[in-house]
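Shared chain: chain A. Partners: chain B in the first complex, chain C in the second.
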Partner chain A sequence: MVEAVVRSKNGLHARPAGMVVEQAVRHGGEVVLIKEGIRCNAKSILNIMGLGLAQGDRIAIAAEGEGGLRTENLLKSIIEGIEE
Partner chain B sequence: MRESRVEAIGVSPGIGKGNLLVLLPGKVPEKVPCVNPDEELQRLEKALTQAGWELESLHREGRGRLGEEKAAVFAAHRMILEDPLWTERMREGILGSGWDGAYAVHVAAEETAGEFQRMENPYFQERAADILDIGNRLVRILQGRPAADLAVMERDTVVVAWDLAPSDAALLDPEKVKGIATVQGGKTSHTAIIARTLGIPMVAGIGAAFFESLVQGEEAIVDGAGGRLIRMPDRETRRRYAEAARVLEEEARKDREWTGRPTRTKDGKRLEIAANIASPQDLEQVLANGADGIGLFRSEFLYMEGTTPPSEEVQYQAYRKVLEGMGDRPVVVRTMDIGGDKEVACLGMEREENPFLGCRAVRYCLKNPEVFKVQLRALLRASCHGNLKILVPMVASAEEVRQVKTVLSEVEAALQEEGIPFRKGIPLGIMIEVPAAALCSDILAREVDFFSIGTNDLVQYTLAADRMNPKVSHLYSHYHPSVLRLVGTAIRNGHQAGITVGMCGAAAEDPGLLGVLAGMGLDEFSISPTRIPGTRRRLSEIHTRKAADQVERILEQDTAEAVLEVLGKERA
Partner chain C sequence: MEGEVVPITEVPDQAFSEKMLGDGYAVKPVDGTVKAPVAGRIVQIFPTNHAFGILAEKGLEILVHIGIDTVELKGEGFRRLAEPGQEVQAGTPVMEVDLEVLRLRGKESITPVVVTNMHLVKGLKVHGGPTPEVAAEIELK
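This part shows the complex of A and B:
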């Protein structure tokens, strides 16, 4: 499990959320984002947008199974990389 | 199949030929039990696949036409489409509740959209609209209706619809859409205004029976000037319209020669031809047609999108964009002209028994100064970026002008205190569109810096004829002597007080009236951008002093028909 902070001024809106899903679906096992104890399926764009992540929000990323850490770090870089 | 035709109202001139794209009104799915759930599930999977293809091609083609940024919305739709969160709900609707596919999708979309609507962040709230949009696409496929993606369509299409929303019309590509025909609407509906802006021929009022009889893909001709829709035209008709289109094209070519020239009448009087616009997107057309300025920026369009009123910042950016785009040429922004036929969801206006005689435009603004002040602040802040003038609609008496001035000075004082820059002494004008304002224009002229005559409302209020009601539309005419007398009064009174008088209604671009208006001394004609070169050319052929001699005789006629006869033209 790794932690990430949302940097984008507009929060995690449709485009970055879409990029997260694109990577998450490539991972064989379950991938979840956790915000204040609320877990969401990172393979669902509706689920991610449903978290309503705003700038400064801190979330945990957990990917189960083989290559989990790689996926977690990839998602962290997407979530933190978008600063627009 | 033989040629058939229907007489309708021409609302945007020109002749267009193409294959029919019939937009059937969407049906809300009813709760229908399904006979075979497994089969229904397969239909749903197929519909999901087809919707995926549609969105993919929208994305691909949209990239070229709208740019990657705007087309990206279709990529996001694609991803939402396949999202397990709601596709599971759809499957559950079929297997668990035993509904048919269309109803299962409808329920899943409503439920999911509802969850987004309840979120706090407005960005996520607005995603509810995307979800409903995709849901509608799936329902449409499941109901076996053809796609109608207005932004991306075949070449040479004639779009026919029961009614076309202005937001849909704005998506139409004039390169491909050669004509529009609707059952509802009229000359002054917003869709017609957009069609004229885009230069697409359009007729309205084609009748429900004719609409129902149309078949997808048939060839059709829209005659926007004659007010006719012809399906399956025969050889002779096609030949005649091809000839007419050639003549129009030749006229248009001559008109285009006038694009960049100054506007001068035959006797050398300098006039101003400005453009009417509804959003910053129209700027391109305004500049391409060589407008002398913007005579009417309909700011209410800002209020018609979204579920919350536009913020000061959003408005500021829109006004600033237009002001900067126009350089030192004047930009007249009309403060929100809401109410009447323009319902605005985001302001939560109450329904009224008689909206055209109700709390609309300046009346609403004065009753809700907190909403009005946001717009005025945005306008004042934007004033540093160009040559701004502010125009107030629906004024009926002097105290309204004074009240507006009071609100304006409060906003100025607040900005001053906050140290936010704005231009002082921005010209303030009023619309002359209520008969009371025209009759008392001598009094009102002392209060303001300019008049702009709005003929669409002036005609409807003077003749007490609803412009959208086909039963009385024969009474609605800007040739009626009563209307022309009021126009003449306003121009004379304005000039006596030393202020300029313009016109921004449909009458200002009617070739038949240009002589009368120039003869009365109208200073500014504000019209659809595409009509500018032609109007400039026609004004150059008018001798204002000779035209002035004719005015008196015209005002003495007893009917609109008699006025037309004197003007020597058939009503278009």
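This part shows the complex of A and C:
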């Protein structure tokens, strides 16, 4: 599990959520984003949008199974790289 | 919402036109009452009210994104007519958008409607034109 901070000024809205999902679906195992104990499926755009992530929010990223840490770090760099 | 149905590829936002978020169609609205495109449960309304998601029959997830870059309006011009968790029918009003506010703020009002979990879909046929009775037919796998 790795931690990430949302930097995009408009939060994790549709387009950023799409970028996260695009990467998450390449991972074989389960991928979840966790905000304050609320878990969401990182392979679902609606689930991610449902977290209502805003700029400055801290989340945890957990990817199960083979290559999990690699996926977690990729998602962290995507989430922290979106500034729009 | 009432308006002309056009191919998703005509949306001036690559996230939609390149189908990054899913496949579907877009509406060029002529009025501001945004209705559920399909029966199901509203699973999410984005805090800024510019987009909402519906979980439809067979697990299909439908995203309605009202206008382009409208997240930047931070809710201005949008008013909820329904709440997350609510069951809706096709045609149930979900959001009221003031198209004049979008125009004044320089935001396009074209509204993409996409299936975000396309892995469940075998075929999708869009019926374009001014306010068609059925905008799209979806064949499931």
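Methods note: the second predicted complex is superposed on the first by the 84 of 84 C-alpha atoms of A that agree within 3 Å, B and C clash if a C-alpha of one lies under 4 Å from a C-alpha of the other, contacts with A are read in each partner's own complex, and residues count from 1 in each chain.
Operating definition for what follows: contacts are C-beta pairs under 8 Å (C-beta built on N, C-alpha and C of every residue); 3 or more make two chains touch, one makes a residue touch a chain.
Quantities reported herein were computed from a predicted structural model and do not represent experimental measurements.
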Chain B versus chain C as contact partner of A:81, first or second or both or neither: neither
Which of chain B and chain C A:65 touches, first, second, both or neither: neither
First (chain B), second (chain C), both or neither touched by A:28: neither
Common interface positions of chain A, toward chain B and toward chain C: 10-11, 13-15, 18, 21-22, 44-46, 49-50, 52, 54
For the chain C and chain A complex, residues of the former touching the latter: 13, 15, 20-22, 43-44, 46-48, 51, 53, 55, 61, 63, 65, 71-72, 116-117
Contact footprint of chain C on chain A as seen in their complex: 10-11, 13-15, 17-19, 21-22, 44-46, 49-50, 52, 54
Touching residues on chain B, where the partner in the complex is chain A: 72-73, 75-76, 79-80, 83-86, 112, 115-116, 119-121, 123-124, 127, 130-131
Residues of chain A defined as touching chain B within the complex: 10-11, 13-15, 18, 21-22, 41, 43-47, 49-50, 52, 54
